[in-house]
Amino acid sequence: MAADLLYGLLPEHLLLGLIFILMLLDMFRANRQLGGALFAAVLAVGSSLLLYQLFRGYSIELVPSEIVIDRFALLGRLVILGCGLVFGLCSLMQANSCKYWILLVSSLLGALIIMDSAGFASLFIGIEMLSLPAFALMVSFTGSAGTGEGAFKYLLLSSVASALILFGISLAYGVTGSLAIRAFAASLSSGGVQNLTAAFLVLSGFFLKGAVFPFHAWAPDAYAGARLQVTAFLASLVKGAVVLGLARILTSLLLNGEIVATITVLSLASIFYGNIAAIRQTTFKRLLAYSSIAHAGYMMFALADSTGARVEALLYYVSVYALTTIIACTCFSLISHGEGDSLDLLDGAFATHPVPAGVLALAVLSMAGIPPLPGFLAKVFIFKNVVASGLLLPSVLAFLGSYFGAVFYLSVAFRLFSTAPAVDDATGEVGKNTAWGGVLLGTALLTLFTLVPGIFNLLL
Amino acid sequence: MPESLTILLLLTLPLAGALLVGVLPARNSILPRIVAMASMLVVLVLAAGLFYNFDGTIAGEPLGLNVPWIASLGVNLHLAVDGLNAYFLLLTALLFPVVLGSAWRTREAQFTLYLALLLVLEASLFGTFLAQNLMIFFVFWEAVLIPMCLLILAFGGEQRRQAAMTFFLYTLVGSVLLLAAVLLLGVEGLHQTGRWSFEFGHLEQLHLGWETELFVFCSIVLACAIKCPLFPFHSWLPLSYCEAPFSGTALMAGVLSKMGAFGILKLALPLCPEVSAVMAPYLEMLAVASIVHGAVIALRQEDFRRLVAYASLSHMGYIVLGIFSLQNTAMHGALFQVLSHGVTVVGLLLVLSVLEQRLGTSWRQVNALATSAPHLAIVLMLFILASVALPLTSGFTSEFMILFGAFQHAMAAWTSGALPIQLGAVVVAATVMVLSAGYMLRFGRTILFGESSCGTPLWDLNLREAMVFFPLLLVIVWIGIWPNPIMTRVGPAVSRLTQQVAGKSGLPLALSSLTSPDGGANGR
Amino acid sequence: MNQMTLIPLLPLLGFLINGLLGSRLPRRLVALVACGLPAVSFGLTLGLFLRLAEGGAPFTETLFTWAALPGFRLDAAFYFDQVTAVMCLVVTGVGTLIHVYSTAYMAHDRGFSRYFAYLNLFLFFMLLLVMGKNLLLLFAGWEGVGLASYLLIGFWYEDPEKTTAGMKAFVVNRVGDTGFVLAAFLIWFFAGTLDFLEINAFFNANQPTPAVMNTIALLILIGACGKSAQIPLHVWLPDAMAGPTPVSALIHAATMVTAGVYLLARLNGVFLHAPEAMTIVAWGGALTAFAGATMGLTQFNIKKVLAYSTMSQIGYMFMACGLGAYPAAVFHLYTHAFFKACLFLGAGAVIHALHGEEDMRRMGALAGRIPFTFSTFLLASLALCGVPPLSGFFSKDEILWSAWSAPNGSPALWLVGSVTAGMTAFYMFRAIFLAFFGPSNVPLLKQQGIHEPPASMSVVLVVLAIFSAGAGLLGMPGVLREQFGLSAPFFSFLSPVFAPGATGEAGHGTELVLMLISVVVTGAGILLAWVFYGRGRSLADRVRRGAGPVHELVSRGYYFDRLYEGVLVRGVDRLSEEVLAKRVESALHEGTLVKPSEGVRATTRLFARLQTGNVQAYLLYALMGLALILWWGVAHA
Amino acid sequence: MDKYQFLTVLSALLFTMGLAGVVVRRNLLVVMMCLEIMLNAVVLSFVTFAVRSQTLAGVAMTFFIYVAASCEIALAMAIVVLLLRHRCSLDLAAHQDLKG
């Protein structure tokens, strides 16, 4: 049993160990680059370990009705670690202290715990561990004034969300007398006011964390307040973990009509709101924020399906979305040299930075869902389930909503090419920037997702 | 070479070329252009070989390349020549080297971005035309947009940003619904057969409910009507045609617009035969509206590119008219019109582009070409003649067959009791012959004739340009004089399609059912 | 490739040689190619003609299958029967002569090789037209000659007026072509074929309904009207005189404009079963003949006089077709080709002599200066007026006789024809008196250069004059035939093609009387011309002033041009600019682009306003959302 | 109404009160306190249910909640200090720079 605890949760242990080592390193003011290197190494090891477990078909219930290692847990953690690795590589240059890595790793650890959890206690712990370091990340290492405000807004709404989730959990606990998710799911199907209230409270909490309309309003300010790098982290990993957490709770649970209707309406509202509001944005981070609201809508939309393929669709969507966001942010900072986040910086960038501009263009087009980019496939995976569940009209509306998304994604892509490039192209490339490693890895992963879109279907 | 390999090469060669061009040093080097041209020419040879070897007989499912992509969804990278796409394939393969050849010395051709975009565009067009899987079709259909938009954006005129945006967003409206239709079809397939599949062969077997089919049909037709464009959906057209660089306009008018026609042929008719049969008269009327609208507006256009844009609208209307006549001859006519219009409009635009390359911005004031550049004038005259559908040019072959088929169909409808609205529409479409002569000759007169007022001397055609125009003229003349050998290759596919739709509708659609084989008639 | 295929292909070859290489070849060679190849064609035609004349069967040659589908098959095939033979002889014969004439006429033009290339192209298309076995090939030639005509009218393309005239010719012809195409479609729908023989056979065997027959016939008539410059599609012909004069002679007098007559004759199987349409054809022809003649009365441009005359003469031919007297129509076509070509070329010689002067008011007294030209011109005029025994007399008389005697003819029709004949004589001699007699009004500058045409032109004039004089003898009217025991080889040659029309019951006595009347009318016309213009011109001026508005109406071509310009062209232009471009386009633009984007922009503003920056507002949104969800999901459920 | 129901209703009321406080109070610190009230309400509810169902899971949960709450407050205070340094005001309305 102890061995299983060690082996089954080895990635978590690795991260925990990493946190300790980083603390020590920080204490002894070791080389700044070392933290990053360790981070990358540990995450790589963790990912490969998960892959190994995946192929061995490893599956175990470690803590009865609290921690269960199943295919979803393995894949979800793999997605988190993979994206984390890419993110880490992308932020190697900007990370100027071990503290940064400590916070990052803590947050990732929370995300991993969410993936494992089969009970509300671990889920709650995971969620808190995911978001608390994120607040700290937002306010640390910056002299900028706005960050405090953004972080506070995030913290406040996030705390309210936690409270809502907790209250929902307590109601559920009141019904079932247990914190096991499975037990609650079983009782939910029988209906009842307390059950439904609990479900909706938990759902609202997740909507708040995931920034779904009308629980979204913190996102633009929080994203705009943080550094681009942290914004990328919030938009990709944190949001991804929240969504996957929800998927973890619901797995392929059949939801009742009211919940489906609520989810559908809110998702559509999110899609429309995010995409339309993003049109008039002039800064990259706010754009990203609104875009993330819209994407939250798509991801939640996946929950409306009743065909039982939502987990696969969500895993695909989350990984693609997270990777794309990370790559887009990295490319943006490569183009803007980390100065400012006005979209004007992108004008004609293809002439000066052809490679990052090209990758950024592809990334935003992918987010817009233009085929054959992976963003399109991700949407197809979600929508085919939803259409198959008989929700044709909402799907058509969602398509229309994504049409508005295309407007602003496209204008970003167009800015890159807007002025005809000057003849003397490609001034000095951004030389030895390790962010390239992240971009490369991310792009490689995305290419893999494009070429083998059925990957999660195969692994699940 | 096996067909699958050739098809794979058609797709990968341009992409590889684009990659290669991308990494080559761009600065003042002719090398990227040579690489791009070489890959286009190889592709042309391959496509021509494919066309030549395609014997037209289809036994069951078309073969070609078939690689699973999303196995769980039944999305396979299934590409094949099935007859309907043969012309489109040839047209694409032909026009790209021609366009690049004419743009050889332009400013944009100095950029590797331009060359790469062209090559990517070519690959995605091949994908669209060869697709035998609906999802693959959709993927490529959309993928075409991006390089085209970037071409406009990076190398267009003053309002290029607005033009590119308009073009993209307008076209995307159709795609949004199209995707919904695609998914709906997949889901229908899932419900009926228990498995996901987007193969055309699979989807054609489904029995859709009337509402479903209507929705699918409308979505497809909307997407295609925007792409073509068809009358009320053409607002993006003038701006895009005027703002894109000449080569972009040429490709847009020559090939991209044909995607709309192809979509109708490949998607709307086989997938929704019942609705097609019912809706055909209305779409015919829409087509006639766009024929007339385009022609009448073109009459008073001073700007040559706008004129070509509206003329293009008019000519594309003929294609749609031909298709929705649901009749063998008209369908063949429509397919010929695809080739003919593609070649003609590209020819016209490239002549203008040659002028622009010679004269810079003052090309709009050019006149008396017949004096200053007689060879160019002859070439332009030939393109004009082809576009007024003079006999012995491709324009005549196609428009004659379209109107012929549409007329026979409308007459058959009338004699079997329908109102003669369709007939009226066809007659109106026929009278547009007069208008088209009017606007094209007016255009020709302005540019070709008159007292030469151009201060700068004009270079006549050089060898490169002559080589660019030659294949276009060859196609025009060949189809004009002897279309039969080309027709026979697509014949079986077309009859299969018409029978597919005809089987669902009450009217006698194929002439064979109208007249006895010995050429007799129902009048007896 | 046999002899027959070569006939049209040789001029095409000439076109290709001169068109592609002409500018680099010496003029002599260009001329040789241009004249030689049609001459060879003429020789070949002659050979075929002789074989036909010996009683051979018509020739058929299928080149290739143009298009074949199940239930649809069209071949590119040639057919050479008696009518084709006559047409081909005229086309290649007169064509070759005019080529020869042109070598001198155009000798100093910059576009020498281009001119001959176009001319050869015209011959190719014309031969395609007359030799095509089916409507498709005929249509190819039909539009092709339109193209050649367009190119040649606008041959001097620096002059915008000339290119406009060319355009006008093409566009007006297109109107007719639309009718032609629709007729072809209708024919196919009922007969399932476009082959002439099969069409005629089909409609002779069974007629769908009279309405259908009449519709088909009228659509064909529209096509024929366009090409043959019949009212109301005649407006392009006077303008077409902008082209070089030999072109007017060849295309706009001898050959192309008569294609309509050929078409009507070819499709006689259709017309014979469409009596109402036949009547319309006959009366339309008569109307055109009359109106053309009246317009010819008032013109001062020598070529325009001839142009209206051509229109009028083709009106006669249409009349004959409408009466079912196809042989008479073809006969008139054949004689007309000679004398009208001769007249045009004569006029060309005059114009050549006067360095491009076409206005008869600035001519005069030329009879003495260029007697040779004058004599050929006079001879051809007499032939045109129908002075016996010149060719025009026989052919016109045959038509007038049909007008009287044919089943759907009537004395009224005959009367119109006869009056027209009188007017014909008047305007031709008016032209002769104006141009060749009276005081000389030639500007001094041009006086010096007046000269007889060079040899190559003269020879052609002579040949044509001889034919104008003698060609009619081939087709003696019935009464003379019987009287003198002569044969009419022309009619007997054509007899296999045309079903013998129902000849009138009126006896030969009537025919003879009518003939005499027409001679008298012609003489009266000539006399009147002398009274008005030969003696001095004061009377003419007085009458013109007296007739004021009527004269205005006639000399402006009955305001057809102004009507079309003002109503149709302006109408379409206004439709284009005011309605479609301004209203429809902008409404579409507004509706599909501007309005939606404005709507979206307004929505984005609204959404941005929601994002106040106050975190408690955000909380409030969330709370409201929560409340709604709970209400909907829990309380409501 | 037995005591469990009473306690549950009480906790719900407390929760609502806290929530209302978070929404309406302007002072940063008061808002944070209201947040604590919400969490306390949750704890009360957990304990109630734990007692009613005679299980320990709910009690265990309270520990987690308090740990998380204290972390949250610690972080929140740090951020409040940042905000104060920026604007010298505890009024929430003063911190509205980010919007649109």
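Per-chain numbering from 1; labels A, B, C and D assigned in written order.
Just so we're on the same page, a residue touches a chain if its C-beta (ideal position, glycine included) is under 8 Å from a C-beta of that chain, and two chains touch if they have at least 3 such contacts.
Since the structure is predicted, the reported quantities are computational estimates derived from the model, not experimental observations.
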Checklist line | Highest-count interface - the chain pair sharing the most C-beta contacts | finding: B-C
Next item on the list: Please work out the Cα centroid separation of subunit A and subunit B, and write it as a whole number of Å.
Entry: 42
Next item on the list: Between subunit B and subunit C, tell me the centre distance in angstrom, where each centre is the average of that chain's C-alpha atoms.
Entry: 37
Check: Using the average of all C-alpha atoms in each chain as its centre, how far is it in Å between subunit B and subunit D?
Finding: 65
Check: In whole angstrom, what separates the CA-based centres of subunit C and subunit D?
Finding: 97
Note to self: Touching at least two other chains at once: which residues of subunit D meet that condition?
What the structure shows: 19, 22, 95-100
Next item on the list: Give me the residues of subunit C that touch two or more other chains.
Entry: 608, 611, 613, 615, 619
Check: Name the touching chain pairs, please: which are they?
Finding: A-B, A-C, A-D, B-C, C-D
Check: Any idea which subunit C residues touch subunit B in the complex?
Finding: 23, 64-73, 76, 136, 139-144, 147, 150, 154, 157-158, 160, 163-164, 167, 170-171, 174-175, 177-178, 181-182, 185-186, 188-193, 198, 202, 206, 208, 572-573, 575-577, 580-581, 584-585, 588-589, 592-593
Checklist line | Touch list for subunit C against partner subunit D, complex | finding: 608, 611-616, 619-620, 623
Notebook entry, point to check: For subunit A, which residues count as touching subunit C in their complex?
Noted result: 152-153, 156-157, 160, 164, 191, 193, 196-197, 199-201, 203-204, 207-208, 213-218, 220-221, 256, 258-259, 261-262, 266, 273, 276-277, 279-280, 404, 407
Item checked: Residues of subunit B touching subunit A in the complex -> 26-28, 69-73, 75, 108, 110-113, 135, 138-143, 145-146, 149-150, 153-155, 161, 164-165, 168-169, 172-173, 176-177, 179-180, 183-184, 186-187, 190-191, 196
Check: Which subunit A residues qualify as touching subunit D in the complex?
Finding: 120-121, 124-125, 128, 132, 135-136, 139, 145-153, 155-156, 159-160, 162-163, 166-167, 169-171, 173-174, 177-179, 220-221, 224-225, 286
